[in-house]
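Several structures are given next for inspection.
Look at the two complexes coming up: subunit A is in both, with subunit B in one and subunit C in the other.
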Partner chain A sequence: MDQRLEGVAVAHAVNVLLSGLFHASVLFLVAAGLQVVFGVQKIFNLACGSFYALGAYVGVSAVGWYVGAGGPPALFIVPLALAGLAVGAVGVVVERGLLRFVYDRDETFQLLMTFAIVLMMEDAIRLTWGTAPRSTGGLYLAYGQVRLFGATVPVYNLVVIAASLAIALAIGWLLARTAFGRIIRATADNREMAEALGVDMRRVYAKVFTLGTALGTLGGALVIPATAAMSEMGIELIVEAFAVVVIGGLGSMRGAFVGALVVGILRAIAISVYPELEMLLIYLIVIAVLVARPRGLFGGAAA
Partner chain B sequence: MKTALAVGLGVAAIAAAPLVASTYHVLLMLPFMAYAIVLLGLNLLFGYTGLVSFGHALFIGLGAYAGAFLTTHAKIRSLEVILLVAAALGALVAVPVAALCVRYVKIYFGMLTLAFGMLFYTFVLKFYRLTGGDEGTPFLRPALLGRSLDAMPKIDYLVGPYYYYSLGVLALAALVMWRIVHSPFGLCLKTIRDNPVKAETLGISVTRHRFYAFVISAIYAAVGGALLGPPTGNVDPTLAYWTHSGNIVFMTLLGGFTSFFGPVVGAFVFIYLQNWVMSVVPYWRLIFGAMLAVIVIAAPDGLVGLVTRRRPALTGRA
Partner chain C sequence: MTRIHDTTSRRQFMKVLGAGAGVAAATLLDVRASHAQSTGPVKVGVLVIRAGVAAPVGAAGLRGTEWWAERVNKAGGILGRPVQLVVEEESNPKDTVERYRKLVLQDKVDVVVGGISTGVTLALGPVAEDLGTPWLSWDGTTQKGVEETMPNPKWAFKSVDNEVEAIVAGILTPKYFKGIKTVAGIGNDYSYGHDCWESYQAVLKRYIPDVKFVLELFPKLGVTDFTSHIAAIQQSKADLLMCSFWSGDATIIMKQAAAVGLFKTMKGVFTTAGGVHDSLKKDFTPEGLLLGYNTMYFDDPKASPLLKQFVREYKAKYNEYPPYECDHAFFNAESYKVAVEKAAGPAKKWPEKAQVVRALEGLEIESLSGRRSWREDHVQMCNFYQGITTHKNGYDFVTIDPIEMVSTKQAMKPAGSKLFEWINGWKV
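Right after this comes the complex of A and B.
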């Protein structure tokens, strides 16, 4: 009897932990996009959430098209991820078309420019996909479920967690080991010096912003089989991603990783223990971190 | 002198509107006047002190919920009492929030205010026993100057007594704010905005002045928020959402944060233009987002800035 109760408690804990990790994986991708843009361009990009929503809708459309064309359901993640990455190209349009005009402006105006993008993207999505929620239907369970310590977990969640980890490692490698990564770190550290040493800022900014956008759109595409795409999902997620980067420290990749884990898992625990607390707890932590340690847990580390 | 003339004409036009304009347009004046009060306060922080809050929807929500709670649960219907309670509550909440926020500037100030705003939003959303959750709380019709007007048809009440009451509150709020920004205190704020280091060496306590500016702006937001309730008869959590905070900064920028009445103009244009756009296409955000982008790039001092900036150029040519 006691053992059975214990088994249920473990299964519940595993469930909570894994749903927290799944959410953290997606949050990490969006927050990483926020961080790389902030680290290099010093712009807090509110539109990261909108890119996430865009990725979700494009993902739904791509999967719908793929299934309609008779593709094997087991491989749906391929067109999903490719579509998510490809639509990241919208970043270069936004950067060249809007953002580059405000680089020499006060931070406030840069922030308001990204808010303008949030407003435009929300309605652009409504205009393209309508207001009804969109989902990929039953594909979520195409990979089946596994039992882990008594808990039933969709395999897709594990795939996303693994993919997010792989991307985290890839970003780490990109920043630490490649020439582009060195340029990013140098620019984040001292823009004038990097420019004086011959770095073409225009190209770096365009590339970095596109990278940040693609991380957001990929996050949106990956999350969508587990939920439904709604036009408000961007403005809802951006405040969570905001909590992630504040807790982790603005501009720091490691911060995005730890912050995403903290927010994702704490939220999952709060929902299962005392649902009223959910985000309330997260914002309390955000305020505590901002007041006690405004640079976050990993602030100061470049990009 | 020109400002005095423009203000006189403006007040006269607002006062005459119910006599000449259609009921529909007169009803739109109610949120305009409420927002104008909010923005006069917000601009003390934004335009005069140089701090941009992304969380002032908190205080709008606070004022609106205070009124809803008083009329629905406490059976207090006097609008004077409601406005006083909203102002007091706004100040009470603003004191700790401001004390923490004004230690930071720029992006950190914006982020901390955003976090406080979202904290309040989640509180309102989740503690539905107190707040009604996402359905909100009814804001029953308040009594004006001690007279219950429940017998009046709703439209007559709104375009009649409530309209002029709002105008009175707006005029009073503008007058008080005019005195504030033209007082030595207001001059200190401008000095702090332009050069905080210089202000400090001149003996101005930078954080204390920022603190007072924050609290005053919160009181204005709460009073304006309370006035937003009666026209719709209901208050809900979207009033406190972060995009609402963004929208009021947008309105301020649209009118022009560099002038005293700029934000009032901004509120007017925002509300009427939004209604007009929505009557044509439902996608007002697309158009307004593009408009905000253009303002940020080409006209950072807003509509009022466009008008006043052109004048010297014209006289120069003549």
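Right after this comes the complex of A and C.
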């Protein structure tokens, strides 16, 4: 192969890999929120996608306000991330106001409840922000582009990937090294025992659900400069996040990380090599994992 | 369903009661009913998509209808009767058919307007025929793919064929982009996306016989990350990208394509992105793309006073600039009004529904976008607006200059013909 062609092939490989990593970063944040809630509260929270959409809309508004107030564009990520984190507080309201009433109910009832939250949030978003797509305009390119092995990459995509990685490490640290992390793991492992040892389950549930919510809202806020907010944007992601947790293993944080990487990168490769396979490939892997390792790659581990 | 049964059984009960009390009583009841119908408000049933990707399109259609109703009522209604809108939701085919039945049977509307998704309107067509009340579709056809399923309807009035804007774009592509040899396509993975791509290819091949179609991508409706698709498009090295997105995904792909400088080396045709035109900010939407606005272009310097007034009031009320769905909705409602007045004749007697339908056939009226008409076989005839994106305007989003206007007379298959045979028979 001549050198120029080789260069083109490398540039394309970098493009595919980075687009896959970018997608995986967002998927990870949403799936991580799903996992932490399922690990501790044993509730499969469909509303994780809605929290993602909420974070995106709040992010658009926060950045709009920030730019309107004359803030330097280069620092827009600060109000964006803060807004994304802050709106995670809606998790307390949902947990205390709705979810705590269904902890002892049947799983299908819990699932229905979180689905009801999905529908309500979609309407609430439409009422608040209207129906037209919302975006942060040209801020996406505020950090410019870089050339990596011949490929043009928006720096903001790298920021999202780095932020997601940092959050993954922070969660790992939180779970492994802090007292709160130990309580989470203990509760996930054996709720009765943890309660008998004096853990205040109400507070743990409220905190864990808020953590899960904040991961979703932060994910939505971080990704929004690169895309546009649409009220139904959460639904699409729930389906993919579901594939991620099945591959990775329900309740496992490491599983969410690896699952997101597998789904994100394979999707990118499929689109570039054989686009008809885009979604099919992911489900083929889900089936393969379910057959070979029904509990997922990292299933069984507490967190 | 239950409610409809309830009404039916109640009515049956009344009839039995009427028979028991004597024929005269029953006749009296009937007379009262028909009397009430031609003096009270004109009830216009409106089907509106409220949720999901098409919710903004539904909102625009409803806004156009409401604006029309206010305007008509201010001017004294239709033959002196005020207009009353009865709004129901368009969702999936099964539920929408139920709501359509409710509008006709329970609310006793005089006409139904609305319908956007062809998946839904395909199911509504036969129901409208069955119930014998005129139905005027905003944006939905009764086509399966590019084939008409109801060539001779009596009560159903349908939108333009779905693939027209792709055909218009196919006609305009060789005019604005010289030397195109390879083309990549991206559209949503359902009938509209596939039909547009097939039609665009067929048309372009007529103008550029040796053109190669090197890539086709069909992501699902509602996807919000196209970075991987864009990597594939870059890799295809096509001279031109054709995209038939019409919702927020058009905004997103534009943004993500700009971020990697895609349109620095590639031409772009966005057949339908005018549906979200005011989200196509100059920050990321380049000049020089072919952009389609469907049947209404809000910023046309040759716009009629009616359109100028509408754009002004729409902006004042919603802080947005109106997309094309407003025009479909306005045309449907206004053509119903004109047909009623025409059928009423000099006596100004409220016409039967069947008379209204006959008056609609072939009717041409003034809509927001200019003159629009109903073809004899109940398909909308109008003009499509497309043009080359420019930053030279007072907005923060792109507009088009020059503006091309292509009539459905040129770009829509004639009644009864097969699409691809028709295209292949063109003299180019």
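Miscellaneous remarks
Convention: the second predicted complex is superposed on the first by the 301 of 303 C-alpha atoms of A that agree within 3 Å, B and C clash if a C-alpha of one lies under 4 Å from a C-alpha of the other, contacts with A are read in each partner's own complex, and residues count from 1 in each chain.
Everything that follows uses one rule, which is that contacts are C-beta pairs under 8 Å (C-beta built on N, C-alpha and C of every residue); 3 or more make two chains touch, one makes a residue touch a chain.
Everything numeric here is computed off the predicted structure, so don't read it as measured data.
The superposed arrangement places subunit B and subunit C in clashing positions on subunit A.
In the superposed pair of complexes, A:Val153 makes contact with subunit C only, with no contact to subunit B. Of the two partner chains placed by the overlay, only subunit C lies in contact with A:Gln145; subunit B stays clear of it.
When the shared chain is aligned, no partner comes close enough to touch A:Leu165: not subunit B, not subunit C.
Once chain A of one complex is fitted onto chain A of the other, the partner contacts of A:Val26 are limited to subunit C, with no touch recorded for subunit B. Using the contact criterion defined above for the overlaid structures, shared-chain residue A:Met201 touches neither subunit B nor subunit C, since it reaches no partner.
Looking at the shared chain after the overlay, A:Met279 reaches both subunit B and subunit C.
In the superposition on chain A, contact of A:Ala86 is made with neither subunit B nor subunit C. Legend: residue contacts after superposition of the two complexes on their common chain; A:Val16 is shown touching subunit C, with no touch to subunit B. Contacts of A:Leu127 after superposition on the shared chain: subunit B is touched, whereas subunit C is not. In the superposition on chain A, the residues of subunit A touched by subunit B in one structure and by subunit C in the other are 122-123, 126, 235, 275, 278-279.
Subunit A makes touch with subunit B in their complex at residues 44, 46, 98, 101-102, 105, 107-109, 111-113, 115-124, 126-127, 235, 239, 242-243, 246, 250, 275-280, 283-284, 286-287, 290-291, 294.
Only residues 52, 54, 100, 103-104, 106-108, 110-112, 114-116, 118-119, 122-123, 126-127, 242-243, 246, 249-250, 253, 282-286, 288-290, 292-293, 296-297, 300 of subunit B touch subunit A when the two sit together in their complex. Those residues of subunit A that touch subunit C in the complex are listed here as 12, 15-16, 18-20, 22-23, 26, 122-123, 126, 131-135, 137-138, 140-141, 145, 151-154, 156-157, 223, 226-233, 235-237, 267-268, 271-272, 275, 278-279. The part of subunit C that touches subunit A in the complex is made up of residues 51-53, 55-56, 58-59, 215-220, 222-225, 227-232, 234-235, 247-248, 251-252, 255-256, 258-261, 276, 278-279, 281-284, 320, 396.
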